[in-house]
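Let me give you the structure first, and then I'll get to my questions.
Residue numbering begins at 1 within each chain, and the chains themselves are lettered A, B and C in the order written.
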Amino acid sequence: MNEPRLLEANGLTLHFGAIPALVDVDAQLWPGEVLAIVGESGSGKTTLLNVLAGRIRPDSGVVQYRAPDGEMLDVHAMPAPALRGLHRSDWGFVQQNPRENLRMGVSAGGNVGERLMARGERHYGDIRAEALRWLAEVEIDADRIDDLPRVFSGGMLQRLQIARTLVTHPRLVFMDEPTGGLDVSVQARLLDLIRSLVARLGIAVVLVTHDIAVARLLAARIMVMQRGRVVETGLTDQVLDDPQHPYTQLLVSSVLAA
Amino acid sequence: MTSEIGGYNFAYLDEQTKRMIRRALLKAVAIPGHQVPFGSREMPLPYGWGTGGIQVTAAVLGADDVLKVIDQGADDTTNAVSIRRFFARTAGVATTTRTAEATVIQTRHRIPEQPLREDQILVYQVPMPEPMAKLEPSRAETRRMHGLSDYGLMHVKLYEDIARFGQISISYDYPVMVNGRYLMSPSPIPAFDNPKMHQMAALQLFGAGREKRIYAIPPYTDVRSLDFEDHPFRAIRAPHPCGLCGAEDSYLDEVVTDNAGGRLFVCSDTDHCAERRACGHVGDDGVAEAAE
Amino acid sequence: MSAVVLRTEGLAKDFTLHLQGGVRIPVLAGIDLSLAAGTCVALSGPSGAGKSTLMRALYGNYRAGAGRILVRHDAQMVDLAAADPRTVIAVRRTTLGYVSQFLRVVPRVSALDVVAEVLMARGTDLAEARAVATELLCRLNIPARLHGLPPATFSGGEQQRVNLARGFIGCHPILLLDEPTASLDPANRDVVIGMIADAKARGIAIVGIFHDVEVRDSVADHLFPVMPLQEAA
């Protein structure tokens, strides 16, 4: 398959003191594809996500992103304003804790509209209409648009974060445990929402999760990480149904069947 | 060039400090709207009373300058009187209450009604120089936002106002974009005064003593109040003529005149009002006053 | 003789259980299977012989240990055993369909959309995909009132029929059926037999595991024996 890659990482290595957080990690992502990174806590998956997103600089290795005009951008060599520009329109980042991303003192509508305004939208009516549309997309009632997020439930906060992130129609979204810390029923609703939005809008996603059921549901491809290394990678269903590496077998066999 | 009282350098501050402040001012003028840190000194008045403005004034004041100081538009309030006398005694400069005669005007919370000239300097007292301070608590983050011209957050505040009140409810300290680049706090002047900053002939200097920041707007610089296309900026004033001089285009103070709910709207700019009355303009309540 | 659309050469598969001290369990060896368009091959053999394993290997769900799995995709033969994941995904999208024994239920997605999304993944618009899905579900006797509900609460037979609709809607040139009639009543079993016959008539090639000998005899053109390796050796 020679379709151009959206994101490509080669030879990523990063040490925190003596601890190897990433060891010679390669990764590729194609447009519209969901890639899951799984592994236990401390395996380096969130670090990898942050390095791919340009938020942590690796000791060595290169991350390249294909801009809409086709140019390959070196994520860690580009000027800060350009990277920030990417992060506020072409990219999105969904945190495990939505409070880290949302402005808790700003209404739901203001939270959704911020990226539009940061991009230069200056028409209040348009911004509000777009915010309403996105609240509907994430199943938040229109009459909550002027409420502060601090009165929202955990599941609503996470859905609001997703609306806030997707409002600029990013081509690439990084997600760090988007369903972590939520009740099972709330999780199911959120997963379904992410699944349908991502498929419908053709968004590419790098998804970090320790929950392999989440990976199976959302991702076509998967990377299994252990102690900073990618120990296995491939088709999600193949890796999970026929795991080759001892660590993947352990991971898969540790899951309770529902 | 002798000071009226001994023991102090001209205009109170030592020459080294004034040089330091002037260097900060030069940088501020070179980068309109950008906040420049400076080594703010202890001044013989409390923070919040104009320590920033007074240091800037001290640094730009020359022996033949004529100083005017206003507080909320008035020359006769405690703060204005104190600062005027401070410089009269430490620098021996001439002082005035007349806008047209002044070469340096230090102000708290107003811009004079009368258009300023190229040979005048307007010095603002600034309590909080960071326009996004209430929205983003991290100073490091707001600096990054200025650096990257990332001002979506400020518009979020305006959005919130319209969503909640149906209009932008900021009535003073209304944020402006300077020279199309830096977001700036105009200090707590009424939004009514904002348009006067745009393309002003006089040099505008801003000093924040407690926050240790100086910024500036050079003459003839674009200063735009933030707004939305469908909710444009509007300069709001009380819908009355001045009770004393009859002016219908000046910023008004509301004065309670008795215990029966009597009110009087008068020009906030006392000099402007006096000038107009001297030229024969008389408001409704002015006539009554003259008749008494 | 019609064109061969699927062929395996020396296909082998064993499992290494690292958690059990690295025990190696050989399941398949030297499988040479050939499938022509418009025909149905039934895998036969005792249970535990590896029929489902072979089926999953053909779909790329299990990784082949050795040999080749050649699939006719976009007018050329693609070796699934060596293909990269994205190629496998592309082959599955348009060429290779699979009906597993059990429906994998996705929370909150209606039966209709479980079926329709196969077409939507290829770019068919929502309304058209749903119309085709509705037709198929009705043919499989899923009452219309259930179409809008997620299949999680359906009976085993209903879930299996939703799964079949999902498998057949794509009209993939190659279809893998793992016990498609296992939990169906006679009437629905006959519907499935009819659907398989229709598919064959349209040139679709089928590999199936059929426990029900009656079903097998009515649809299969060839039997492909799969024997437990220990006995075969």
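What we mean here is this: contacts are C-beta pairs under 8 Å (C-beta built on N, C-alpha and C of every residue); 3 or more make two chains touch, one makes a residue touch a chain.
Computed from a predicted model, the values in this text were never measured in an experiment.
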Item to complete: Please list the single chain whose C-alpha centre lies closest to the global protein C-alpha centre.
Response: A
Worksheet entry | Identity of the chain that, by mean CA position, is farthest from subunit B | C
Worksheet item: Using mean CA coordinates as chain centres, what's the subunit A-subunit C distance in Å?
Response: 32
Worksheet, complete the sentence: In whole angstrom, the CA-centroid distance of subunit B from subunit C equals 78
Response to the item:
subunit A to subunit B, mean C-alpha position gap in Å, rounds to 47
Worksheet item: Which of the residues in subunit A end up touching subunit B in this complex?
Response: 80-81, 84, 88, 103, 106-107, 109-110, 113-119, 122-125, 127-128, 145-146
Worksheet item: Which residues, counting only subunit B, touch subunit A once they are in their complex?
Response: 135, 147-153, 155-156, 159-160, 162-164, 227-231
Worksheet item: In their shared complex, at which residues does subunit C touch subunit A?
Response: 15-19, 56, 60-63, 84-90, 106-109, 117, 120-121
Worksheet entry | subunit A to subunit C touching residues, read off their complex | 1, 3, 30, 33, 188-189, 191-192, 195, 199, 217, 220-221, 234-235, 237-238, 241-242, 244-246, 249-250, 253
